[in-house]
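To start, the structure itself, in structure tokens.
Should a chain be cited, it is by its letter among A, B, C and D, assigned in written order, with residues numbered from 1 in that chain.
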Amino acid sequence: MSSIRFPDQKTLDFVAVGRLCIDLNANEINRPMEDTVTFTKYVGGSPANICIGMARLGMQTGFIGKVADDQMGRFIVRYLEQNGIDTGNVVTDDTGAVTGLAFTEIKSPSDCSILMYRDNVADLLLKASEVKEEIVAGTKLLLISGTALAQSPSREAVFQSLEYAKRHGAVIAFDLDYRPYTWTSEEETAAYYNLAAEKCDILIGTREEFDMMERFEDNPGHDDNKTASKWFDYSAQIVIIKHGKEGSIAYAKDGSSHRAKSFKANVVKTFGAGDSYAAGFLYGLMQQWPIAKSMEYGSAAAAIVVSSHSCSDAMPTAEQVNDFIEKSNAASPN
Amino acid sequence: MSSIRFPDQKTLDFVAVGRLCIDLNANEINRPMEDTVTFTKYVGGSPANICIGMARLGMQTGFIGKVADDQMGRFIVRYLEQNGIDTGNVVTDDTGAVTGLAFTEIKSPSDCSILMYRDNVADLLLKASEVKEEIVAGTKLLLISGTALAQSPSREAVFQSLEYAKRHGAVIAFDLDYRPYTWTSEEETAAYYNLAAEKCDILIGTREEFDMMERFEDNPGHDDNKTASKWFDYSAQIVIIKHGKEGSIAYAKDGSSHRAKSFKANVVKTFGAGDSYAAGFLYGLMQQWPIAKSMEYGSAAAAIVVSSHSCSDAMPTAEQVNDFIEKSNAASPN
Amino acid sequence: MSSIRFPDQKTLDFVAVGRLCIDLNANEINRPMEDTVTFTKYVGGSPANICIGMARLGMQTGFIGKVADDQMGRFIVRYLEQNGIDTGNVVTDDTGAVTGLAFTEIKSPSDCSILMYRDNVADLLLKASEVKEEIVAGTKLLLISGTALAQSPSREAVFQSLEYAKRHGAVIAFDLDYRPYTWTSEEETAAYYNLAAEKCDILIGTREEFDMMERFEDNPGHDDNKTASKWFDYSAQIVIIKHGKEGSIAYAKDGSSHRAKSFKANVVKTFGAGDSYAAGFLYGLMQQWPIAKSMEYGSAAAAIVVSSHSCSDAMPTAEQVNDFIEKSNAASPN
Amino acid sequence: MSSIRFPDQKTLDFVAVGRLCIDLNANEINRPMEDTVTFTKYVGGSPANICIGMARLGMQTGFIGKVADDQMGRFIVRYLEQNGIDTGNVVTDDTGAVTGLAFTEIKSPSDCSILMYRDNVADLLLKASEVKEEIVAGTKLLLISGTALAQSPSREAVFQSLEYAKRHGAVIAFDLDYRPYTWTSEEETAAYYNLAAEKCDILIGTREEFDMMERFEDNPGHDDNKTASKWFDYSAQIVIIKHGKEGSIAYAKDGSSHRAKSFKANVVKTFGAGDSYAAGFLYGLMQQWPIAKSMEYGSAAAAIVVSSHSCSDAMPTAEQVNDFIEKSNAASPN
């Protein structure tokens, strides 16, 4: 069965490229943001969260990105370093760009929204020439994230990272992470998502994200098999399509498909579920676990994060995930 | 002596036009922002602060401005209304603009800085056609603020407000409030500051702000008298030039000049000093007090605000200012 | 009566500030441009045409403007110099801007249109700091043109020119010349036209142009007297309002109004009529002729230009205008 | 050997996507443009020229592009139709964009330059959704041109065209045609040129253009074989690298390389040489001629065009090329 082979003899297990930003999470929750008076600051951004998740699970990790030359940027770099993430390729902006912000509003565990500040942000200013070939050459797994494709020059930096990963044999995972507000049009989005996806080994996204990528194709029934098959004709080996509450399905190139068990959680908010799932799943694949077991591990990590106030700071260690799975299985054996 | 005559029979005492934004003040102070974890949210923006100050002092007030169609914008409008400010001319943006933010960093009482978010902000999108002639027609005093001149269409909205104020006989005060980050060049700044200042009765600014306005003029000695005289040839009746620690001087059209007494304060931070001073001073003028007494009142209001954590929310009532002056005079009689 | 007093003891009679561009006039006329194969190149732009007109009439002239660093820009400077115009304040752009183009289409003498190229043009990049105070100080009459107000930094350069003209006592004429395509909105247009017009002694424009300036005012009947009166409250001494085929009316501050005699012409195209009229009229005022005689002189100059293929290159000498008037009067004495 | 197989049973032989613009060629040549007074108008743009060339040679052709809604745009569409080119996918812009212009300056046969107008041009506004799948599905050969990759949304329209061509089996030729002025940076250029080139069967460019594409690669000796080999790992079958006066070399996937014979010409100007060469060469390939014979045909077409005043309008018929080759061979048999 279809586990992915990762290259040997690399210094790093995992490198992510893309968004580094700040989450400002409402301290007074279960109410509209108008009634919130204080906020707590965390490092955020989907690839940052996943990278922190991988580091917590014990992986050797690094990040490729750009931060503002301000207090927020310095806070981010310091936090990554405190988590043992190699920041040698985190560049500091010199144009006066700001750090992206996400104010979170938690009206109820199931009614969460985000107020984004994404104008003139440093993370989208990473240049192709600032991506260091040696960090990509030295990793087993490279993760790219869709938001970094939204604008030049960050978009070219992602394509350059893909080029280096191909050149040096890294496995490539693509977390689609489509956020409409930084894109000019859906046509533009589809164009670059498809060009990037052609080069990736693992694709993870929602059904809606795959629909967006298929806007010039013929899949009126939103058929997962048709979606996955297309990518197996390029580089893909695993395509995960998330169907919200109905769960995720992993399609493998050998024709098999896999569903994950889900866990009960005491949900505080939904933010961070996808990022912790991705970290847990990719961690499992790197342990050469079967796809289904890797998915279960991702689900457990997600259950832990949605029970906490933050995303990045709540990413669990392997010990925490193992404990969680053990206790859950003890509670509801099936 | 030179008190200003305000028109009778107007519904409102005071209307301000311009910036409405959010201050996010560090809760953990006396340290760099990198070490700050939580922030408290307040309404901010120089003209907003002055307007709130005037309302607290008992004036009938209104505001002309634009807010984002989001939780921050709704918070601002609600706060203004809670302070009794007429928000009938506070327009809601429909373009997806955001609310300007100011993260404050208080390293020490004398070492304060601000991290600004001013890209794509709603307040700079106010249009000339959105300014209601009747609100300007119905006020005794109109306050404009320099930051609103930084970009179109807000710039034209300010000039339109000036046109209405002239047409209906309102006294006009101009708080220079020059913030370089929203301007393209100093030449552009000087051009529009001068065009606006020609039409104003009261000018309030720092020596550096007046220097910026004189970049195409011949005042190498930075002579206050020369600066003030120029504006008396246009519409000005009072020109206040602030010299930082050395205090402010008010020049009047009759040739007199005035200095304010200052007060001792237990300074937490310097933010808000200028705005509370302006509110207190303009309040005094509207009571037909002499210039020097009005300046003293402004200084007392400033002393109260710099002793508090916020700007807007700390604006004192007349009772608080009177008490403060009384106690200060009792403590150090001279 | 009501002639304008011009200052004595100046080096130059006339200086214009603003647009310098290229006209590409269809050689094959009386057909749509689709059927035109060859074009002839001329210097163009309303203030350039007026300045060339004044130079041809014998005035000492100069120009304040900016040209592209290319073959078109060099052609313009050379042509101005060949006409005896002082180009000491014609600056060369260093940003890669282009020269504005106007392709003219002459379907019939009364059906003419222009295809404009106004993106990234050098003339709108003139900066306030590039305007030389001494050239404005040394002229009797300064002409500004509305198109130069359309964008920064050219807009600020015009206001700086006005400031210098006021400082040194030059008479100021404002040729409204409103071209919608370079402006963002009519509100923005009205704002800066009004701010500029407040400072000018002579205003020349169409009824529609004055309507645009009155968009926030109350003149539903488009009453010329109301329009003119407003400006007499500021600096204006003469306001010319053009009513197309019904002719122009000049309103003077003393309450008088004046109409010009018009001349029969063998019309080739309508382009250039306004510019040649302005040159002839301003020339007349500078001779201390009565307003009506100055208007007649302008009409004669216009009649000559509309009978020719070009605008700038067809501007007549005083001898040509005098001959034309003499012959016209001989032909139809009244 | 190594001829390319084109699909059968298609309606069209050749479709080009990209730039449609206007050349304004100086009528008075062998002098600087400052001394030029009249210009003649032609359809221009590299893919337009190649498409016209193919049509003249007898191919069934079509064009995918966008024109301004003005006289220039209508002139272009009419000219294409007069040449028998299918304009069913030439879209008219509705945003007020202009037609790109190229003023040519011919100082001497070997000293030619171009003054470009490329701001806000219609051709770069073609959208992915405006590319008709059926026109790409119905052609044997699709030509893309590098300038159309310079900006969004035209860039995405090219990638969409490539996607359709892959889907329906069209052979794809890429004329690199790199023009720095429409690009933001060389890094951005390299990124999209490479992504496009990966999908193409035939690449045609200068050594300098291939160097630009290799800016993140290791080819310090500018080795043609190394350059060509890279592309054979993707889709390429033929890579033509032009070395200016030293001639062009065609590298084929089978390892062979080919040089073209060149022809003596009475050179008026160098413009159009590359486009006519491309048309002749691609025509040859479509006749299933050997590579060397196809190159010779291209050289002959180029020799004819450089002897004429225009580019597009001078594109020869097959009869003219055959005659030219015959006469040349007769004159200098070798």
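The definition used in the following text is that contacts are C-beta pairs under 8 Å (C-beta built on N, C-alpha and C of every residue); 3 or more make two chains touch, one makes a residue touch a chain.
Computed from a predicted structure; not experimentally measured.
Q: Smallest number of touch links from chain B to reach chain D?
A: Each step joins two touching chains, and the minimum needed here is 2.
Q: Please compute the angle of the rotation superposing chain B on chain C (C-alpha atoms), rounded to a multiple of 5 degrees.
A: Roughly 180 degrees of rotation.
Q: Using Cα averages as centroids, what's the distance between chain A and chain D in whole Å?
A: Centres of chain A and chain D (C-alpha means) sit 42 Å apart.
Q: Where the centres are mean C-alpha positions, what is the separation of chain C from chain D, in Å?
A: Spacing between the chain centres: roughly 45 Å.
Q: For chain A, jot down the residues that touch at least 2 other chains.
A: none
Q: Pick one for the touching-chains graph, please: line, ring, star, complete, other.
A: If you draw each chain as a dot and join those that touch, you get a single closed ring.
Q: By the document's touch rule, what are all the touching chain pairs in this structure?
A: Touch list across chains, by label: A-B, A-D, B-C, C-D.
Q: Touching chain D in the complex: which residues of chain A?
A: Contact set of chain A toward chain D: 127-129, 133, 152-153, 155-156, 159-160, 163, 184-185, 187-188, 190-192, 194-195, 216.
Q: Under the touch definition given earlier, write down the residues of chain C that touch chain D in their complex.
A: Spelled out, the residues of chain C in touch with chain D are 24, 27, 32-34, 36-41, 70-72, 74-75, 78, 96, 98, 101, 103, 105, 115, 117, 119-120, 181.
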